[in-house]
Amino acid sequence: MSTQTPTTQTLPTTSKQWNVIAKGQDGFDNLRFSEQPVPALGDSQVLVKLQAASLNYRDLTIPLGTYPFPTMPGVVPGSDGAGIVIAVGRQVTRFRPGDKVITLFNQEHIGGPLTAAASGTHLGGARHGTLRSVGAFNEQGLVHQPESLSAVEASTLPCAGLTAWNALHGLPGHQIKAGDWVLTQGTGGVSIFALRFAKAAGARVVATTGSPEKVAMLRRLGADHVINYRDEAGWGDVAKAFTGGLGVDHVVEVAGPSSMAQSLAAVKVGGVITVVGYVAGAGREQPGFLDCLLRFCTVRGVLVGSRAQLEDMCRAVDANPEALRPVVDGQLFTLERAREAYEYQWSGKHFGKVCIVMGNSASLGDDTDI
Amino acid sequence: MSTQTPTTQTLPTTSKQWNVIAKGQDGFDNLRFSEQPVPALGDSQVLVKLQAASLNYRDLTIPLGTYPFPTMPGVVPGSDGAGIVIAVGRQVTRFRPGDKVITLFNQEHIGGPLTAAASGTHLGGARHGTLRSVGAFNEQGLVHQPESLSAVEASTLPCAGLTAWNALHGLPGHQIKAGDWVLTQGTGGVSIFALRFAKAAGARVVATTGSPEKVAMLRRLGADHVINYRDEAGWGDVAKAFTGGLGVDHVVEVAGPSSMAQSLAAVKVGGVITVVGYVAGAGREQPGFLDCLLRFCTVRGVLVGSRAQLEDMCRAVDANPEALRPVVDGQLFTLERAREAYEYQWSGKHFGKVCIVMGNSASLGDDTDI
Amino acid sequence: MSTQTPTTQTLPTTSKQWNVIAKGQDGFDNLRFSEQPVPALGDSQVLVKLQAASLNYRDLTIPLGTYPFPTMPGVVPGSDGAGIVIAVGRQVTRFRPGDKVITLFNQEHIGGPLTAAASGTHLGGARHGTLRSVGAFNEQGLVHQPESLSAVEASTLPCAGLTAWNALHGLPGHQIKAGDWVLTQGTGGVSIFALRFAKAAGARVVATTGSPEKVAMLRRLGADHVINYRDEAGWGDVAKAFTGGLGVDHVVEVAGPSSMAQSLAAVKVGGVITVVGYVAGAGREQPGFLDCLLRFCTVRGVLVGSRAQLEDMCRAVDANPEALRPVVDGQLFTLERAREAYEYQWSGKHFGKVCIVMGNSASLGDDTDI
Amino acid sequence: MSTQTPTTQTLPTTSKQWNVIAKGQDGFDNLRFSEQPVPALGDSQVLVKLQAASLNYRDLTIPLGTYPFPTMPGVVPGSDGAGIVIAVGRQVTRFRPGDKVITLFNQEHIGGPLTAAASGTHLGGARHGTLRSVGAFNEQGLVHQPESLSAVEASTLPCAGLTAWNALHGLPGHQIKAGDWVLTQGTGGVSIFALRFAKAAGARVVATTGSPEKVAMLRRLGADHVINYRDEAGWGDVAKAFTGGLGVDHVVEVAGPSSMAQSLAAVKVGGVITVVGYVAGAGREQPGFLDCLLRFCTVRGVLVGSRAQLEDMCRAVDANPEALRPVVDGQLFTLERAREAYEYQWSGKHFGKVCIVMGNSASLGDDTDI
């Protein structure tokens, strides 16, 4: 951990940043890189020198035009970010220059249930996000970084990490506990976080993958059982059998219509299926809501989580730094080359979170410095 | 309230009862009436002289062969019942002769979440039900009748009443509270109970119906707004508009695929849709699970409720006897003519619960005597 | 972000206000009235023309020096307030000029559980409160007034109202529901709100008082049973007997050591005693924590409640405007004469909330105008 | 309903057992050992050949006459037991001969909150307990043993284990989660279980002890920090400092009045103190209930837990067999010498649970055989 002095004398006057200048057919070419002036800091705002960001599937869909929610024209993309406070507005009380912070996805989802109003304050969509060198955020929309993580690692938490945490901890009466069975799907960011949070909570995990080479990785991350769903047409029943026949307590459902029927086969009476992806548009082939009655289960859609949950999660990471260290893909990208990060994630070749580093390219050599 | 003396000297040796002797094409002709010996009472059993039963849609589907869960061959039908204790086994501690009782639907769902084991102990399906003059039940599967109700009224509580109660009170973190908005659908038993429980809790209700003549009835029962869904193709949006645009907190979803899309239109971010019917088999046309993500709502299938919930509900009825008096259809049936009750409910001409009375036909003249 | 210009034509440049200039022996003479300039409005602030405030016992203890928490030197007193927005900072999104608002007690308790940080943001103590003609508040610390209330009525909600709401609705797993039994103590603000919220939720209430003349008032407000605690030394047992012997589900404990033993006698196994007063310092005579084990009950200290709860409560008021109209004492005070309001409340002669009106004295004649 | 004939070839006709023949001054001499006939098995009962029992502090207080709840005259003592099913009544469906089982403390606390009725069904007090070679229990009052434990280990779960589990997992809205801080007190059975359950859930633990030699043991069991409370008068503040100053989320309070003030010093705003002991009678010196207001914490008395919780806990043990293996004191006792076990536990020389083995003395040589 470095001992940065909060040298406010040298505040940057410009920010290098990406903007989504259009949506749709031009794909990631809708992302434009430029240098822009930094606006005057608001009284309640915190100026953050961003150090790292991580990409999420939703970030890809915004320039592609398939994201199902409204976004601000010309928005700075980036749902996730980690950085260092370099200045604070005159009414700010939560942070001081030098503090290491991460961003909150829905900037106004402070605590309690999600509201419609808060659901429209998401970074990188409704509000300017993290793919910039410097950004101002309301002090309520930031939390302190876990002490045990680098900036790159910490940048993976706000979106994928918190979604997984919320899936397992967020439904009253159904919070994960030791001995529960959790079904995770694939090796995307949310799924891997869910696997690790489940293991840290003393639960048991059945993970699925379609790649034989990822089986061993999932086991190394703690999965008790791994199913190659290409080999097991009825993998929901296979998962249920692993539990002794009663079914899993939690499904973290990410993959869309084809998996939902299997999730319903796997879930126990009274269990919970948390839908964390929005691979929608395939409504006709998916199992219907009414089938859930026949399992007496609960199906819950979540949109990341609240600041209170993010703080809880950061604390959990610091309490279990090895068990919960985020899995970052080996390939890092500079801010200037962020478009390549989009393409890399789109290719599906990654394992773990795809991250972008805001320093100079030299910094890519040693993750622990940033 | 009568002052029955528990005259155990004259215990009946036979029971008049219905049995479901087959399922399917013969419809309600699969119901057979006969007189059978009463078996020896088990140590933990309570012998109940049944006084009233009420019918539920699921009762109709069992002889019709469309009930989606396994049932016991030859089962005595009847999910709901009220009666008087006439004898107790030697290890019984919860009841004494003379106690007025109602039955618990899932006989082993005592408290806490439903389990797979408890879900297979439902009266009138997995276990012998209430369409008989005398029946033995494990003492754990009965509760005391509310004091403010007649036997006929009380007989409507165990299935339709408790399902509505569970829908509104049963999901931790989402229990109904004053000021909430509730959407109910139609005039079936569960829907009317949900309307009344919602009003008793200080909530506001939007009710739907397809019959102009039922609009006034629903308003009399307390509905703040009534929508004729035949007049309003997008009645989900209409319901949402009544709430000021944020959407309803709770939907009690009973009617199946065509209503589900409207329920999703009506529900608020973070709201709950409780699916209480099992009008399944129409999976292809219903909105899919994944659409719930886009509303960030929770969809929950329930199977009636627990004994602890039934006791809570009975207490609520006694605390609010006028507001919560069950709505019983004017047409009562004797036990011998129960098949006609099935046909009457199947015709859809009823309003309120269709009930069966176990006494002689004279008793039908005055509900308050039984 | 919109560029609202915070200019309504006649923004006040000064505020008439009280300040607590000292604490302790001089009592309410520590309150000083003056006219002060209105500071420049912060970007995230809302300027409110206050119209009414209500007093709470804690407000009295601050100048008296017996309030057990730290306060800001020279603080503007007043925990509760209602007013109208007259200007908004350039980053404000939640309010517009003309909106009617009430204040949030702990300005940063937005949702979810209380945190230590949020517990130090209370109006009239840690931050400048409501006894002033004009005040600026962060937009996060205000909510919309219930439409069905006057400003005076609405001003009673933020502190006493929300404390009662939180007591009954705020503990997961123990939220009030129809049929519950609630024990309230006396005729203070929190107690009367608790009585009314309990009745609106379909619960039953046992209320206590030491004044024979208040018995009828409590009955009129809906109490099912009223106990004169001066007549019944063991009034906890009397309350328990009213419930049929099982005990009350909720006690709203306000009165301190002598009542706590009775509350423990009254509460049911698994019940909740919410301690809403801080009449501390009498530790030696009170029943100890360990006695709660013998009742297997839960004792919970609350500090008002969150903004999410305040919004829920306001919605409940609008849904049940007659049942939940706040009880305001007949004697109103102008801002200039607020010190007399302190003395009046200290005298104990009031029934209902003691309120202060910021308009001219003419406005006192017609509550519904303000 | 099956017609299992309860006849394995060699059912015992007598049971060796202890009875509490008096209470008070004669202390453990009030325990009497004898051989008694086994009564006819009830229809809903399961006959269990007991293999092991463990002692709890409450077991000691019953013959001593200091247990604060009523007990049945002549009761067979023993709160905890593990054994094997040797016969089942004709209506039993949950178990078959050969099943390994453990007992439920409150025999009728099946699920959901504790009720007054269920609180009076505790083994070894209100109902005959486990210090016998053979015993009949209602089938609802037993659960399957964890597969990963020996009978001796499993016998420690029903009382101390479940109390700790309930303390950490049982309060809705406050269930333990990764990253939480837990304060445990001493090395009694409940405290050690709490320490281990907390660590298995990813939490952090501050443990206290008065014995320097137990510090290392507590660290080996996973405690992050150990405080010798004899060295640290203000050990509550020391515990709070370990958490970074915010305080602990959970205190498992066992030790009585002197510790309660420290627990209040250690607990965070919004935290929970679960009172699991009943070292009452010292009310005058303990901090009062009202002090909890000043911490805005919740204090909760628990009485062991429900069958649903016991099943959850057993599943957690099997999922984490090494992390959650019960700590059994090295000294085992035969049933005949159970009185010596009482004396040994009373001496305070043990570490871990004191257990009694029902086989012959040879079995004491190898715990894993039983």
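Letters A, B, C and D name the chains as they come in the text, with residue numbers starting at 1 for each one.
Here is the rule we use: a contact is a pair of C-beta atoms (placed from the backbone, for glycine too) under 8 Å apart; a residue touches a chain by one contact, two chains touch by 3 or more.
Bear in mind the structure is a predicted one, so any value in this text is a computation, not a measurement.
A.B. asks: Could you tell me which of C-D, B-D or A-B has an interface matching A-C, in the sense that over half of the contact pairs are shared by residue number?
C.D. replies: Within C-D, B-D or A-B, the interface duplicating A-C belongs to B-D.
A.B. asks: When the contacting C-beta pairs are counted for B-D and for B-C, which pair yields the higher total?
C.D. replies: Per the contact counts, B-C leads.
A.B. asks: Suppose each chain is reduced to the average of its Cα coordinates; what separation in Å results between chain C and chain D?
C.D. replies: It comes to 43 Å between the two C-alpha centres.
A.B. asks: Centroid from C-alpha atoms only, then distance chain B to chain C, rounded to Å. What do you get?
C.D. replies: 41
A.B. asks: Name the residues of chain A that each touch 2 or more other chains.
C.D. replies: In chain A, the residues touching two or more other chains are 113, 115, 172-173.
A.B. asks: Which residues of chain A touch chain B in the complex?
C.D. replies: It comes out as residues 68, 113-116, 119, 171-174, 246-247, 253, 256-257, 260, 268-270, 273, 275-280, 282-303.
A.B. asks: Taking the touch rule as given, give the residues of chain C at its contact with chain B in the complex, in rising order.
C.D. replies: Residues 169, 172-173, 175-180, 197, 200-204, 312-320, 323-324 of chain C touch chain B in their complex.
A.B. asks: Residue numbers of chain B touching chain D in their complex, please.
C.D. replies: 42-45, 89-91, 94, 110-113, 115, 117, 138, 140, 172, 306, 308
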